[in-house]
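Below, subunit A partners subunit B and then partners subunit C, in two separate complexes.
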Partner chain A sequence: MQNNFPNEGMSVIVKTITRFTVWLIFLYGLYIVIHGHLSPGGGFAGGVIVALSYVHLTLAYGKNFVMERVNKFAMNSLEAIAAILIVLTGLVGLYVTGYFLANFMGIGKLYTLLSAGYIPMLNIFICVKVSMGLYLVFYYLASFKQQEG
Partner chain B sequence: MILSQFIFVPLLAAFLIVLVARKKENIAAVIALAACAWILIVSFIAFFKLPAHGGMILNNTSGWKIPYTISLILDNLSSFMLIVVSIVAFFSAFYAIQYINHFTGKWNFFALFMLMVTGMNGVILTGDFFNLYVFMEIALISAYALVAFGTESEELEAAFKYATMGAITSTMILFGIGILYSYTSTLTMADVGLQLRSAGTPKLIFLVYGLFIAGFGLKTALVPFHAWLPDAHPSAPAPISAMLSGVLIKTLGVYALVRIFFNVFGAPTVVLQILMLLGTLSIVIGGFLSVVQWDFKRLLGFSSISQVGFIVIGFALGTPLGILGGILHLFYHAIFKSLLFLDSGAVEYATDTRDLRQLGGLSKELKVTSATTMVGTLSISGIPPFNGFFSKLIIIIACISAGQIVIGIIAALMSIVTLAYLLKVQKHAFYGKKGSAKVLEKVPFAMKTAMIILAALCLISSAIMIPSIRKNYLNPIVDTVMGKTSYIDKIEPYLDKGSVK
Partner chain C sequence: MPVDIWLYFILGFMIIGSIACLEIKNILSSIITIGVVGLSLSLAFLFLGAPDLALVQFVFEILCMIILIRAFAKRSIEVRALQRDVPETIIAIVILASIFVLSIFAFKDMPSFGKPIVRVAERYLANAGVETGSQNIVTAVILNYRIYDTLGEITVLFTAILGTLTILRKTGRKKRHAE
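Now for the complex of A and B:
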């Protein structure tokens, strides 16, 4: 990728290593989200790890490199959409079973990836919500310019 | 069905505002107002439907049975609280439509506002200790952000102070819940009560009492825990001050105290005595500190501390009359204090200052604001036929008939002090000599309408005291509180006593 800000961020060693590790962290986060209903972890924990992969990139390459590539508006919207989808999932449960946030999908086969009804779906929504929200907090704090004087 | 609406409607509104209204800010107000109107209507429907359901509607979320799930419980007390919150929320939102033009980030304001309503409705409805904590944090964190909304140094300081003190006491509450959970292995309030009843009263429970009194006491702004309020309430935008003083300190504070100590722990005498003491201290200290303030909103903030003291002593008396007084004063105070805060916002909107030394002679230029402030003043100081008279009278009579004559006399005398500090507002802001502050802008239509309707409610709500209305609608609420642990007995049939225990 073209880096317009080569002098910002940390040293070449850190940048080179980051290029390898950032994908691993991102994938690890996704793994935790997708296996949330089978093993420890879930949407929140995985979402935090996904957000940390962005934070990692920001720390290594400097904020301007990331700001060029990140669409703040899209992140904000994704966060809101994820939250709305969580509530809507609850409403579907209310409509189908009469209880808010009740399971309306099949339970599936135990210990397989496609099981536990709507839990994996909720985990994914929560992952989007948490990762976008957490990264935006970091982003706003990083983009805050200190006043001179 | 009806219960989850109180939570998902404002929640959905909050995130819709974030999604849709960032570019077109006027939509934010429309969505917020629609959501507030919806819950206002539904809260009345729920209130009138309740007797047909035997005074309690229980809704288990996600279809499991308590104690394995979170339950939403609507009884007389909670449906009454929902009405109070919805009324104040609706009129504050209506007022904010035009008031908030003075700020940037309208959509932010309304999104946080709806989250705060979600949190408060959740606290009122939940039947689960941990869920209570979570909803309390939702309401509080939005409140911290809203207090800092103006982002001036004073506002940020107030929000930081509020956030720090709030976080410490929330941790205390969480610690108390943890102790209860480790002792009873359940988080459902009714089940906790049931386990404690069968286990007798362990010594450990006194630690929980202490943690909860400190924790919810800070949210109520009872006197040793009041330091955040005089900073936080004036710093927030006026509709938020109205929400904070009008309902937030009552739902997170008084309601939570009453629900936990009366309905779960069965109103232990030692707690009632402590609350009595703290309530009396609040009345006296809040009242006298209020007299010496020169900032309009800060004066009202100290007044809130004093008035909440009245509510708390009403409940702490533990007699039906005292509880009736407490409930009435809770409702009435929500109306007239939010009215007074909205008035102070209108004065600030028009003149750009709230320093009473610079104001003066505004009654000719701000006619509506002046008139509604007068109604608020008369109500809060207990002049008949305005609503404050009835609640204060009942509390004072209840004090005397319960043998607490000294506290009754203190309460009566402090009502005079209440009149004194609000007459100070009248003299320095609306009548008296013309001050240096000039009226720069007219008070817009939406702000005026909200104030006029609340002022009318100050008078109309006295009608609750008509014996037949009181018997049908207020007595069941008093019975819910007075019944103490009968709350547990009502929920017990719903409990799943499976093999997991």
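Now for the complex of A and C:
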């Protein structure tokens, strides 16, 4: 990856280590989300870990490096879209079963990855929402400059 | 050692950490002591057999500490020495002591440790796998039995983020700066 802001962020050691660790953290977050109905974790914990991988990148390389690659508007939109999708899932449940947010998909076989109906889907929506939202909170709070005087 | 002794140890650690957080003058050390309290809470959840909650608490505490350090550590924040008056201190001690005595009476009537008064948990433990198909019962409760609560939580998070973005957005600040 080309770095257009080599003077920002932390030292070369931290940047090199970040290159090896950041995707591990990201993949661990995704693992926690996808296995949310099988092992401890779930959408919220995995979403926070995914947000932490972005935070890791921001701390090591500086915020301009990250903001060159991800779009703030896209992050805002993804968060809102995930929230809408959760409510839409509830409405589909209302249409199919007659109860809002009821499980409208088949339960499947216990202990397998594709089981538990709509729980993995909701976990993924919650992960997108939580990770985008928390990273945006971090971005705005950390890049907020104190006014002089 | 039984779980209770570990819990008392961790709770004492948390109390010491929160007192130290209030008394330390340096803001960075103070933030790190907040982290001690949060990570001890995560450890307490782990001892109580709640790995889901421990994971969330652990990860979230790290994020909170990073935000606090980045947002406040380099700010110039005035540290004012507290000047406590004698009558105020006496009133505070009296109120605290009365709350302590009342809480002793209140906690006597609570169900003992590990024996919850709510019976619905037994039904969840027995039937969650069959009814929801989820191996992790915590997820089954959060995302199937109690999904309205989760929807409310998501709304709370959404509102918090909306508030942060509204207060800290750049365009509004620039306009005020230009006036």
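Assume the second predicted complex is superposed on the first by the 147 of 149 C-alpha atoms of A that agree within 3 Å, B and C clash if a C-alpha of one lies under 4 Å from a C-alpha of the other, contacts with A are read in each partner's own complex, and residues count from 1 in each chain.
The rule we apply is simple: contacts are C-beta pairs under 8 Å (C-beta built on N, C-alpha and C of every residue); 3 or more make two chains touch, one makes a residue touch a chain.
These numbers come from a predicted model, not from an experiment.
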Determine, under the contact definition given at the top, whether A:Val92 touches first (subunit B), second (subunit C), both, or neither. neither
Touched partner set for A:Ala83, first subunit B, second subunit C, both or neither: both
Answer with first, second, both or neither: which of subunit B and subunit C does A:Ile34 touch in the superposed model? neither
Touching A:Asn103, do we find subunit B (first), subunit C (second), both, or neither? both
Who wins on subunit A residues touched, subunit B or subunit C? C
Which partner chains sit in contact with A:Met67 here, subunit B, subunit C, both or neither? Use first/second/both/neither. neither
Quick one: is A:Ser115 in contact with subunit B, with subunit C, with both, or with neither? Answer first, second, both or neither. second
Kindly list the residues of subunit A that each of subunit B and subunit C touches, one partner per complex. 76, 79, 83, 87, 90, 101, 103
Complex interface listing, subunit C residues touching subunit A: 51-52, 55-56, 59-60, 62-63, 66-67, 70-71, 75-76, 129, 131-136, 138-140, 142-144, 147-148, 150-151, 154, 157-158, 160-161, 164-165, 168-169, 177
Within their complex, subunit A touches subunit B through residues 73, 76-77, 79-81, 83-84, 87, 90-91, 93-94, 97-103
Which positions of subunit A touch subunit C when the two form their complex? 32, 36-45, 48-49, 51-52, 55, 59, 76, 79, 83, 86-87, 90, 101, 103, 107-111, 115-119, 122-123, 126, 129-130, 133-134, 136-138, 140-142, 144, 146-147
Residues of subunit B touching subunit A in their complex? 1, 4, 7-8, 11-12, 15-16, 18-19, 22, 59-63
